[in-house]
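In what follows, a structure is listed as structure tokens, so that the remarks can point back to it.
For reference, chains read A, B and C in written order, and residue numbers begin at 1 within each chain.
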Amino acid sequence: MKFAKALASATILAACTFGSASAAELVVGFSQIGSESGWRAAETTLTKQQAEQRGIDLKFADAQQKQENQIKAIRSFIAQGVNAILVAPVVATGWDEVLQEAKDAEIPVILLDRTVDASDDLYLTAVTSDLVHEGNVAGKWLVDTVAGKPCNVVELQGTTGSSPAIDRKKGFEQALSGHDNLKIVRSQTGDFTRTKGKEVMESFLKAEGGGKNICALYAHNDDMAVGAIQAIKEAGLKPGTDILVVSIDAVPDIFQAMAAGEANATVELTPNMAGPAFDALAAYLKDGTAPAKWIQTESKLYTQADDPMKVYEEKKGLGY
Amino acid sequence: MQTSSDNILSAVRIDKGFPGTKALDKVDFHLQRGEVHALLGENGAGKSTLIKCLTGAYRRDGGNILLDGVEVDPRDTFDAQRLGIGTVYQEVNLLPNLSVAENLFLGRQPRRFGMVDIRAMNRKARELLSEYELKLDVTRALASYSVAIQQVVAIARAVDLSGKVLILDEPTASLDAHEVAMLFRIVRRLKARGLGIIFITHFLEQVYEISDRITVLRNGRLVGTRNTAELDRRDLIAMMIGRELAAEIHAAEAHAAEGGEPRYRFRNYGRRGRIDPFDLDVRAGEVVGIAGLLGSGRTETAEVLFGAHRADSGTAEIDGRRVDLSSPRAAIREKFGFCPEDRKTDGIVGDLSVRENIVLALQARRGWTRPISRAEQNRLADLYIRALDIRTADREKPIKLLSGGNQQKAILARWLATEPEFLILDEPTRGIDVGAHAEIVRLIESLREKGMSLIVISSELEELVAYSTRIIVLRDRAHVAELGGERITAHQIVEAIAAANERRAS
Amino acid sequence: MTSIFRTYLARLLPQLIALSAIIIAISMTFPGFLNLEIQNGRLYGSLIDILNRGAPVVLLAIGMTVVIATKGIDLSVGAVMAICGAVAASFITSGHSLFETILITLAVGILCGVWNGILVAVLDIQPIIATLVLMVAGRGIAQLVTEGAILTFNDPGLIFIGSGSFAGLPMPVVVWLVFGVLVALLVRQSALGMLIEAIGVNRQASTLSGVLTPVLLIAAYMLSGLCAAIGGIIAAADIRGADANNAGLWLELDAILAVVVGGTSLLGGRFSIAASVLGAIIIQAINTGILLSGFPPEFNLIIKAAIIVFILVLQSPRFRTSFAFLAFPRRAAKTTEQEAK
């Protein structure tokens, strides 16, 4: 997969040196981190789709998790004289120099999905989701759903110390504050994986009276929720009914679970970062409208009422 | 014992024992001012143990060391250096990535205001090396020079530090003829300056070229000290491998003539780079002894016979049938057995019990699917522990805890358990105590009487003479002579080795 | 027979003590820990969770023990788990029968072992380097198979291996129990165990004694690959999907740790499969205990490390000699054994 992509990107880069795009066409370079997760793969797919829809010629470069590859790719985009550059930065630091080069070449740079520690006049805008807000949306849904009834919540955290884990926990707790009927009784890390999600959920069930004391599960990502749902089933309980399940990311598999009534809600971390980015770019190139420095993507809430099977079908082909 | 004023270093009645062996037994050694004194002996004779006692690397068990007539007791090599005894080893133990000058003055760099004065150090280094007719860029890394130059730098450092006694341990082993000549010029110059120089080597020509006197050790005992000029080559070899002890009786003589057709026939057998092709016949009930100096190809012969190193020329036949001996397994299939010279690395399986060590080869031959039952293992182990008198608390004791002689007997038992017909023993009596020594010699005799064919390699001439029906003499990785019948005497063996040596010398 | 049992017990005593101590400690902080009940026809409780969750590491530890006994090490097992999980998932989803899928997956695991074994035994590459190759490349291979996503499946047979039960026990437990007993019997009832130990202690001397060293070395790595394959199937069946990025991640280290906690020396030689299995269970007991304890997750690794250091200190030769009285039961067992003769 990786190799294939690397090859593909190399050929694209090579191709660029001669076959140049027609004058009317917009040429945009995209330096992607890699394909370390399904979400990342979906982001790549959607970015390509969005570009195609708008008739943008997208030059794709897979950095295979290395900043040096990204810097190389950006320099090569500059050399090719693209109209704009999209970057999903692999780390936060060390971008000043190459961003300055792009600025000097008057090529606008848009950051996708993550931000960087650099002066914000070096890039046009950053399109990211708000992790705290995601947690908040999940929390609000739970508060509304239990409607004042007492409810013990167990939380499956992401990898300890990672920013999604910290922020999604924070947002969720903010939403719960002031609602004394909701209490987080257990909180452990499930490392964002299904296996650990299942294992940790098993221990939660044991620790809380076989699950009778648990009213809801909040998982920092869908994969852990999918693992936990299996644990709940194996403990003889009905996920989605006996224990409410809310999680974040909106990967296809959770929609299957929602369709089966085993999961209740998920908050989308949209892989479509490129859409808003291209919109902002179009406006900027048209009449120089400078977008805001931060474009927040929508954190959309999906529940069982949203025809989960349909969403599943839509999402299935994106490479999650 | 008078201490001649000429003696710069005297070691008197030095004793040193290791568990199970006596490495040095009341050895006397005297080194005069301004002489080159060769210290000779076969492997395990006690040369390096003596040197280590002199330089404080080992604590001696008994005896005195006098330097310039004053009793000294070096605690370690640094102490010895400070007292005046410097040592240069075959492997130069300096720091290759530091400069020549830094190596010369390591730990005693000239300082100015508390900082190393590099300029002064380099100047002093150049001065020092000019005495050795060396003009080097002393700021370059030591590793950028040849081993010979590094050797000289090491000597320069040792002499500059110590200045009384210089010990050269196999200094010429990795040098070419030209470099050896350069080294010897330096050695003569130091000798003229009044240093006492101890020279350890196994190149006899070099001994005759450079040394004034020779001291020979054997089995941890002093054989004697002679003036080089008065000691002829064959007497020296006799001193090294022992003849005066040989009672010139030849026990195996009576059985030598009989036997008839050889069972084992090796033709043009050899392996390039290890042992020249040789012919060898071995009859049933025959012990073929292999004699030769260290490095003459004795072990290489054994290894190629056993398939430890595959032969790349020649053929092997047993009873007229062509056989494949390309690996130990193949040889074992043909009922071969091999007790290697280096017991620790090639023989014992240290953490396993005496029982497991004894059944190992038999089990390996049967294959893993046909395990020897625990009862049968116990029976075999007990049988050989009793038969060979292996001293162990019980058969489950890890073999590494046994003494050398008992380990050797257990390895022998490992092969006897496979009921071999052709047994190769490489230095079976090396490094074991006198009692076990005699038992192993008796065992060899009794195995021969039972009709087994044996190849025995030993540096103990009297031992070889005692049990061999024939003796092959090796030199320079080639079989050069075969002695049989009446000619099996220590004297004849020494003659054969020396003749070969003289041919090479001339 | 009893005397053999006694020596066995003496060998396993430190691990049994450590495990009991951990279980007692957890049940003091969490009273329901020892509860066992029947639910849906299977045993249900934290103790069962330990045995069940420990399955992958137990399986890896079985293979790792044999490899370590040869003075080797197999760093690739985690990656091989990921490969085999991916292979199993992709075969079952592409319509192969359960039997075919399992057969092919096990073959792939064994093939990985052959690769490692050839690098070590034939090319004479140091085991840590040789298996590092597959450790690094293996996850990439697994990602190629799953195409980067979590490859989910719904085959009831395969799922049964992960979460079904047999005779009241979860299937993963049944699998490792049966497999562990089979391997232990194979190794100890044949001469394999002794020959492997001989290679581990002194490869040169063993070769000179006629032991077929290269073949046995390759066999050891094959066994390790097979164990990883079974572990990979179980891990994938457990979550009904193959997660190439996370399956078996860092488990090679847990497996090595299990072997060490089990008292087998990393320098090769004497080994005990039962002790390594206990070692793996000890590690899992610690993990489960931490999860039950309700400590914030930031403490997980510190607590785990502290307990393991404590166990290793208990096992260290220096500690044993300074507290010789702790070794008393050992000696007692030995003397009774001699009396029994």
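Here are a few things to note about the model shown:
One rule holds in what follows: a residue touches a chain if its C-beta (ideal position, glycine included) is under 8 Å from a C-beta of that chain, and two chains touch if they have at least 3 such contacts.
Every value quoted in this text rests on a predicted model; they were computed, and no experiment measured them.
Ranking all chains by how far their C-alpha centres lie from the centre of chain A, first place goes to B.
If you tally contacting C-beta pairs for each pair of chains, A-C comes out on top.
Ranked by how close its C-alpha mean sits to the mean of all protein C-alpha atoms, the top chain is C. Per-chain CA centroids place chain A at a distance of 71 Å from chain B.
Separating the centre of chain B from that of chain C, both taken as means of CA atoms, is a distance of 46 Å. Rounded to whole angstrom units, the spacing between the C-alpha centres of chain A and chain C is 36.
Across the complex, chain C is touched by residues 1-3, 35-38, 41, 157, 160-161, 186-189, 191-195, 198-200, 202-204, 206-207, 223, 226-227, 230, 234-236, 253, 319-320 of chain A. Within the complex formed with chain B, the residues of chain C that make contact are 189-192, 194-195, 197-198, 201-202, 204-212, 216, 269-270. Taken in their complex, chain B has these residues touching chain C: 306, 308, 328-329, 332, 338, 340, 345-352, 356, 360-361, 363-372, 414.
On chain C, the positions that touch chain A within their shared complex are 30, 32-33, 39-40, 44-46, 49, 53, 140, 143-144, 147-150, 152, 163, 235, 238-241, 243, 245-247, 249, 287-288, 291-292, 294, 296-298, 300.
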